[in-house]
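Below are the structure tokens for one structure; questions will follow.
Chain IDs A, B, C and D follow the sequence of writing; residue 1 opens each chain.
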Amino acid sequence: MSWIQKVDKILSIRQILYLLLIAVVLVILLNPLAIPIGIAGATRDVYNYIDKLPQNPKLLIDVHYEPAGGTEMQPAAIALLRQLLPKGPKIVFFTTHSVGPIMFERLKANAPDVFSQLKYGEDYVFLGFVPLTEATIASIANGAKEFVAKDPYGSSTADMPIFKIADKATDYNVAVCISTSTDPVEWYVRQIYTPFKTPILFMVVAVIGPSVQPFVASKQAVGMISGQNQAAQYELLIKRPGSAVAALDAQSGAHVLIIIYIVLGNLVYWPMRLMSKKGRKTS
Amino acid sequence: MSSALRRRGPYTVITLLILFFFVTYLFAVPTPVQQFSSQLLQWAAVVAYFAILVGTIDIIRYHLGPLRSKQPGRWQYSGALIAVLVIGLILGVSGVLSGKGTNYEPFAWLYNAIYVPSNATIYAILVFYIASASYRAFRIRNAQALLLVIVGLIIMFSNIGVGYVIWPGFVPLGNWINAYPVAAAFRPIIIGSGLGVILTGLRALLGREVYGRE
Amino acid sequence: MESVKGFLAEKSGLFSLGFAFSTLPSAAAPPPVLGFINPGRTATLVLLLILFILGYLFVNQAQKGRKFPIRTIAGFEAIKEAIGRAVETGRPVHYTFAYGQLYSGYAPQFMAALGVLTHVSKLAGQYGARLITTFGVPEAIPMVEEIMREGYRAAGKPEMYKVGDARYLTTEQFAYAAAVQAMILREKVATNIMLGPFAAEALIFAETGANAGAIQIAGTARETQIPFFVLVCDYVLIAEEMFAASALATGDPTTAASLGAEDVGKIISIALIILGIGALLLSMNLGPLLSI
Amino acid sequence: MLPPFFDTFGLWIGAALTVWLFSFAFKDNALYKLAEHLFVAVAAAYSFTIAFDGIIRTGINPVQQGNVSRIIPLIVGCFFFAKYFGKYSWIARFGPAFAIGVGLGVSVTTAPEGFVLAQVKATMLPLWSADPITALTNILMVLIVLGGLTYFMFTFVPGIRGPAKKTPFSRLYDVFMKIGIYGMMVGFGTLFASTIVSRVAYLIGRLTDLIASPQASVVAVVLALAAMGYAYRQEKKTAVGKA
């Protein structure tokens, strides 16, 4: 076995890479580096769009993420709420994810500055979990109040003042889909934008960001915040750095490690490939 | 009668519903009909909740198997699962009936202690797989792979602070790649899936889709 | 630092997307088109009618014997060679098609996967390879058993089918993933074929299969998982190629016919794009025509 | 209220489950299996509860408030349970049939505009512009879209009925196929790179939580190492036994 194959063998031991990855992230989390962050045009577009909303904007927000995706999506959601707060927003929250109710309570607990200034039933309401189907999104779009008779806290939706002004898709200034999955994203396009032309905004995990791009490029959606990196940029734009900004140093560390492995992979691969070709020729 | 209902029933239901929505969406129909279509949507959403109940029952039934047969190496886990599931169900249902829903403290404790960290971790395991895949998979074997690797590296650098420090242009470049070539690359897939939905609808109407068959 | 940011903001403006801020619907609803079509939905109606009528005609013709040929699909062709290799090495072929409920939005993908399974089990029977199928779709259990049994029976080797080789696991994502992963390693599969609506487990399987040194053929219509298959597997069926492969596998003329109808939809799309660009040359904008 | 002891206990369980589930990446072991089964159990109990709650709020409460028609979906929903009663299991198919019919009804009608026409419209881009970057970008986009659409054509393509001579048209087809593949590679490269952000974010989230309860984490790591060691030894034993 040549030395290069030995190197390849060592680099291929997955457990070493795994431990390195944990070590890099752990060390950087304990010793932040404060690496500067560049702001992408796409993030700025979303910021500007929200900035231009009228006073008392009405929003529909689907909290479709689970604890795993929460690390990425919650900072973006909080940044959005903080940017909206001075405008006195009216927000109808719901969730198509069974874990959504947990995530909504966590969102509330982690943004006390926002929710302490909003009055339940008047400024915001939470409709709880509704099943993840296209018919559900269409039902919410056709009138949330009639569909969900009581909120998860037991109050009747019929008497809530917020539903007098924000009930049907056409009432909302913008519908926000915070999602870890492409399903609700596609259904927002089909059931909220297509029939009602209500502007929609995506906040999605980085995994699905690229595959949702066509809807942004075709202007079916007004914009998209994709992933922890854009959430961090959003936090910087509203001048309230939070958990996403804090995490981005560790992101850098992990990325650099992976990039090093990619480069090493190619440095090892090419000599081996050339050697095996030569070997075949001589034999 | 019952056999005809059995064979044609589900298919007929699907056909009628598709045709109904086809008409109400595209044509100017009287307001009561429009309202009825919105009613149907709400009904379907309510029905969908029941599928989740059935899913839970299926899990219990599935794990009763190893438990009953004392399958070595499995029955202990299945037993633990059923025990915890039943405790969870009792806490959850009593929470709902007491009007506190999922905020009922013992139930909230259960999901905050077990569900939240487990869910987050089980997805986090994937970071290891993607790291080791990067080492082997991102090898430049041919021209297609070369393009994939170059784009991948640019996007990686544009996503992190280090990239911005090395060259600030990574951020707008990454933004451009995402906004234009990537949007164009996924567009045919989206058009294809849209056409796929339409044809699935037609096949369901013709009774040639799986839901329509006996 | 600030100046760099300013420069970037300017620069990124160059690349940013221009948004239309006037997408709010106007208060007064426009009257129906021709008196009976909802405003803004005429183009939808036309497209739906074209595809429904053509699709119906194609399916009808297919039933009467018209052939709708399908172009070669590299990943599908490779199945033969991959099963051959499994026989040479004396190790099994593994086929898996994800987890979930059959009667859901993913039904077309599950059915396509079952279609390709008929082809795989036929070949396994012909070549005398051991085929193990794992899946997490409870409703598919009888279908999978029947397909596998039939594959061996048709080749005159019914004894090669073993009940335990059609393995229903569970509908729980990571329990399914862990079981499949363990199986790939334990049985040292030579050929790993994965078709279906895979989610996050796609990369786990592909990585494990690569570690086991298997030839891997994978396909999914979940676009977010395609990159992992493209990078790690030897052959990939990208998105709709999976449905085409299923039509090739089953030889079902009506499936091929509806693919033909989809092709017409794509030809219409291409024609509209070219027309639209051409019209722009004459400074006409055809775009609004698509939303009347 | 729960006694305060439960708070600490919850943190400990959380840390232990995190470490045990992570251990799967290194080696499958008994503690991983236990953690996974606990997870599935609570997840199932949770979704049952949340669905039960939903049925009350969207089904039973409206009926109580006078919206009597809401009783229909409640009955259709009960059809789902028929599958456990052998003789009547066929009734169970009406539940999904209703849901699928409505689902297909709303998706088939909105997909043409939402997924096809809007995307086609967005590709009608001017191929020339005073700004060379815009012009080149537009040309690139149009080529990639047309290439991708060509790639996904299966039946009506040149040379499908037997080996045909190369015509200019079939050459053009080949070129667009290639453009389609390369275009998709750009998309897939981006998707792969973006996925790293998400996965690392999950890891960061988990490690942040573990840092918050260090003692529990250390204990859990030790236990996990022991379990992995045990699994490794068992495997060796059986391997020796087989040989």
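We adopt the following convention: contacts are C-beta pairs under 8 Å (C-beta built on N, C-alpha and C of every residue); 3 or more make two chains touch, one makes a residue touch a chain.
Keep in mind that what you see is a predicted model, and the values were worked out from it rather than measured.
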Greatest separation from subunit C - chain, by CA centre: A
Maximum inter-chain contact count - chain pair: B-D
CA centroid of subunit B to CA centroid of subunit C, Å: 16
Euclidean distance of C-alpha centroids - subunit B vs subunit D, Å: 5
Rounded Å distance, subunit A centre to subunit C centre (Cα mean): 26
Residues within subunit A bordering two or more other chains: 14, 18, 21, 36, 38-42, 67-71, 98-99, 101, 128, 130-131, 133, 135, 138, 146-147, 152, 195, 206-207, 209-211, 214, 216-219, 226-227, 229, 251, 254-255, 258
Multi-partner residues of subunit C (each touching 2 or more other chains): 8, 12, 14-17, 41, 44, 47-48, 103, 105, 172, 174, 223-224, 228, 230-231, 239-240, 265-266, 269
Where subunit B touches two or more other chains at once, by residue number: 22, 25-26, 41-42, 44-45, 48-49, 51-52, 55, 59, 101-102, 111-112, 115-117, 119-124, 126-130, 132, 134, 136, 138, 148-149, 152-153, 156, 159, 168, 171-172, 175-176, 178-180, 182-184, 186-193, 195, 198, 200, 211
Contact footprint of subunit A on subunit D as seen in their complex: 25-26, 46-47, 50-51, 53-54, 56-58, 61-62, 65, 67, 99, 102-103, 106-107, 110-111, 113-115, 118-119, 121-122, 187, 190-191, 194-198, 200-205, 207-208, 211
Of all residues in subunit A, those that touch subunit B in their complex: 11-12, 14, 17-18, 21, 35-42, 66-71, 98-99, 101-102, 105, 128, 130-133, 135-136, 138-139, 142-143, 146-147, 152-154, 195, 206, 209-211, 213-218, 226-227, 229, 248-249, 251-252, 254-259, 261-262, 264-266, 269-270
Interfacial residue positions of subunit B with respect to subunit D in the complex: 6, 9-11, 13-18, 20-22, 25-26, 39-57, 59-60, 77-78, 80-89, 91-93, 95-96, 101-102, 105-107, 109-130, 134, 144-145, 147-156, 159, 176-178, 180-195, 197-198, 200-201, 204, 211
Complex contact set, residues of subunit B against subunit C: 22, 25-28, 51, 55, 58-59, 62, 122-123, 126, 129-130, 132-133, 136-138, 148, 168-169, 171-172, 175-176, 179, 186, 188-189, 191-193, 195-196, 198-200, 202-203, 205-206, 208-211
Footprint of subunit D on subunit C - complex, ascending: 14, 40-41, 43-44, 47-48, 68-71, 103, 105, 172, 174-175, 178, 182, 223-224, 226-228, 230-231, 238-241, 244, 247, 256, 259-260, 263-267, 269-270, 272-274, 276-277, 279-280, 285-287, 290-291
